[in-house]
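Consider the two complexes below, in which chain A is the common component and chain B and chain C are the respective partners.
Take a look at the complex of A and B:
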């Protein structure tokens, strides 16, 4: 079996374990059999646990695929929607909307997040325009600074208006209290994002080449940038609208996958999607299962787990994770 | 011989800077045409207009008697394959993966690699003698092997025309000669029309059938190496004096004892 095959098998196994743990584990552990026996347990599993696990799976997949796409098209291994301030823009829009009295239903939240993400994307792109085109380094530096600025603004608004508790999920990330409305939103987003990237994976793969070689092979840039924008907007806005601003996944998961099984965009799309989904589901289990009665901040947990993984990669190269 | 490409009253440049002004040129099918000229003479600009990367400021480029601008991206790539000066491969891809990118211009719809594509890729890799390295990462190849991998990628495009911008510049001498020999093989065995920018005039004279010399945005001379490489051209275009000898075997001119004109004047 090839290294790639072993990796896919391992990740699929971990994904299934993560789904099982997240569904049946947590502050209260359920027996898998209680799904089929009517009662309170069944109601909790179907009404709360199922939508929560589904949301974690899809948000993880969306963030990881969005990150992989942005890294590929910007020729930058540390690009990620959250580093460019796109997630922060969506968060700010949601907080402003919430504070000014918009009822944050699923539809409203999705729309606000999309507007915020779009505005942030346009501003960061304008910051990065230098001379004839978009300078990748300016994009990254401008995005990082802008992201920090927007996040501070979000916290400031929330603290001043005494709404940090109301926006807890949004600010520190989390899946508590999600229902099937959010599941449907994420399902639509996942179909758009995974569909577009899968159908155009051959073209996106070529975007990793230098610009001239890319043109010489007969590919066309404007259409692909348009598609990239749609995919990244939808992925970032929908995940922020449901689970708040969660960093690391978009940056770290594609990196981790590429370190273990180096490959092109189309080769690593599937493994990255599975790893992102598994990572987020496992993180959600940790959030609700580690300290009884408390939900740990998901964004912080994601950053800690991811930080350790990335630190390992940097410090030990690929030696520790040879499959 | 028939004309495969023509440049008519072409002006080209960047923004408001005109580099090439009202130049006309034809490229014969099935020959190796070498673009020579000093730095900044407009060789790369001419190449980038002829391969469709840049739109001309005025005039037009004809490919098989049809304006190049009427070809869409994929159609153009199926006719002209380009190797740029600094091709960059993404991290973590194998030679076979890189070469398969050449099939993009023939893909339809979802872009699955069909059996015919796989055959083209395998053939291209074996033509550049990299079969043993097909599963090696491009980043682990030597400079010469890397260049051959990119040539294989352009070969997989299966286009009648290949354009290469200074393919030998970053290679050591054996790899330079190997690359040029490969181009000759592609021309003779695969009947490719090749347009190549070269700096070494002796290599250009040895490996090209036609030379086009550019000076300050003008086509200064066109013809066989013997007709183009004259004392007068060396003086006007390159400010160099040299002894020109015909090689006994190849009957191609070779320069020896090259001196900058300033030194001769002293």
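Take a look at the complex of A and C:
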């Protein structure tokens, strides 16, 4: 069995374990058998645990695929939508909407998040173009500070309107209280994102090559950049609308996969998706399972793990960052 | 000619600072006339209300603004000179976040044991935090890439902030604003004894920085040239780094992880007086205080009865400035402060 095959098997196994833990574990542990026996346990499992696990799976997959795609097409292994402020933009739009009285139903939330993510994306691109052209490290640095700026704006609005409690989930991330409405939103997003990337996986793989080769092979750059934008917007907006501002997942997971099984976009798409889903499900289990009776802030967990990954890359990745 | 001109600039900015200080003391829910404020400050007024408002409510916060502004600005200037990087600053290098994490950790540990911590223990915890993150970020500096070290600092900040958020929310599930104090900075302790103690420390370290001006001038030439004119570069770097960490420790003890003042103040000062350290050090020092006092004014007054954490206001002023600097500087970055 090849290294790649072993990795896929391992990740699938871990994913199943994570799903099991997240479904049945937590503040209260359920017996797997209670799914089939009617009663309160079954109601809780089907009404709360099941949608929550589904959301975690899909958000993880979406963020990881979005990150991998951005890293591939921008030729920049430490790119990630959340680093560029796209997730923060979506969060800000949701908070502004919520404060100004928009009922944050699933549909409204998705729309607001899309608008916010889109605006943030445009601003970051303008900054990059207006300045020095796309110098990758500089763009990332500017993006992180821009992201911090938007987050501060979000905090300020939330503090002034006294709604930090109401927007707790949004500000610090988390899956508590998700229902099937959000599951269906994420399902639609996942179909769009995974569908588009899968259908164009060959072209995206070519985009990783240098510009001339890419053109010579006859692929269309504008169309692919357009597709990339759609995919990243949808992935970031839908995950923020459901789970709040979680950063860095899109950075760490594709990097991890690529470190273990170096490969092209086409080869790594599947493993990255599975790893992202597994990672987020496991993270969700940690969030609710580590300290009984409380939910840890998911944003903090992902920032710690992703931040360590980024720091490692920057500090020790001599070859990783192509300049 | 230029020398006189720099004197004017220095005095002008100092004048602005005084005006801003009087504005902070006068304006608020209870407005006082500047004349009354000055009389109260000179001890010439027996108006109980005016005395109470100024000495009990506004003066401590003003003092905190002056402490944080001056120390952060000098720490920023020192770090910029040390790393030869015009965009360096204790907050972007992650030193502020590490120092903040030190404070938060001490508070949790003290809470768990059930003892109270002293102001000295707090400073020690903050210092340890600052040292840890400083050591980590200097690992990245070995690669001698200006943007890379900043990115390393940003990553470090993300990790530290994650821990702060985790700890703070564990202490108090429902109070996100409490966590914000340490994440983005706020004057959390307005006890006058605490502030006075830190104020004198800040003044002392500020004067010490003044004494290092010849070293700073030497280092702006680059290590090679500095060695050539007889500066012991290793020694100078150690002294200046120790000063920068000391200054940051004071700032974070008083105001949490306030962002980018140390970047903005020296960079604005540079536009006025260029790179002459003799002028740059004092002007940055005053400029830092001015930025913090203005931020304090905005935080308490702009939103009517609501007041914002001062750190958020500072972030909203300084972060756009950083982005502007980052994207407008084409070539100067890698040449550091030259």
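Please note the rule applied: the second predicted complex is superposed on the first by the 293 of 323 C-alpha atoms of A that agree within 3 Å, B and C clash if a C-alpha of one lies under 4 Å from a C-alpha of the other, contacts with A are read in each partner's own complex, and residues count from 1 in each chain.
Keep in mind that, in the parts below, contacts are C-beta pairs under 8 Å (C-beta built on N, C-alpha and C of every residue); 3 or more make two chains touch, one makes a residue touch a chain.
No experiment lies behind these values; they were computed from the predicted model shown.
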Item to complete: On the superposed three-chain arrangement, identify whether chain B or chain C touches more chain A residues.
Response: C
Discussion item. Output check: A:247 vs chain B and chain C. Expected answer is one of first, second, both, neither. What do you get?
Written reply: second
Discussion item. Once chain A of both complexes is superposed, is A:208 in touch with chain B (first), chain C (second), both, or neither?
Written reply: first
Item to complete: Applying the touch criterion given at the start, work out whether A:164 contacts chain B, chain C, both or neither, answering first, second, both or neither.
Response: second
Discussion item. Per the contact definition in the header, classify A:4: touching chain B only (first), chain C only (second), both, or neither.
Written reply: neither
Discussion item. If we overlay the two complexes on their shared chain A, which of chain B and chain C does A:294 touch? Say first, second, both or neither.
Written reply: second
Worksheet entry | Overlap of chain C and chain B interfaces on chain A (superposed complexes) | none
Response to the item:
Touching chain A in the complex, chain B uses residues 51-53, 73-78, 80-84, 86-93, 97, 101-102, 104-105, 107, 110-111, 137, 150, 153-154, 157
Fill in: Complex contact set, residues of chain A against chain B
72, 77, 199, 201-203, 205-206, 208-210, 212-213, 215-220, 258, 262-265, 267
Fill in: Residue ranges of chain A in contact with chain C within the complex
78, 127-128, 130-132, 135, 137-138, 140-142, 144-146, 148-149, 152-153, 155-156, 158-160, 164-165, 168, 171-172, 247-248, 291, 294, 296-297, 299-304, 306-308, 310-311, 314-315, 318, 321
Discussion item. List the residues on chain C that touch chain A in their complex, please.
Written reply: 92, 136, 139-140, 143, 145, 147-148, 150-152, 154-159, 161-163, 165-166, 169-170, 173-177, 180, 184, 259, 303, 306, 308-309, 312-313, 315-316, 319-320, 322-323, 326-328, 330
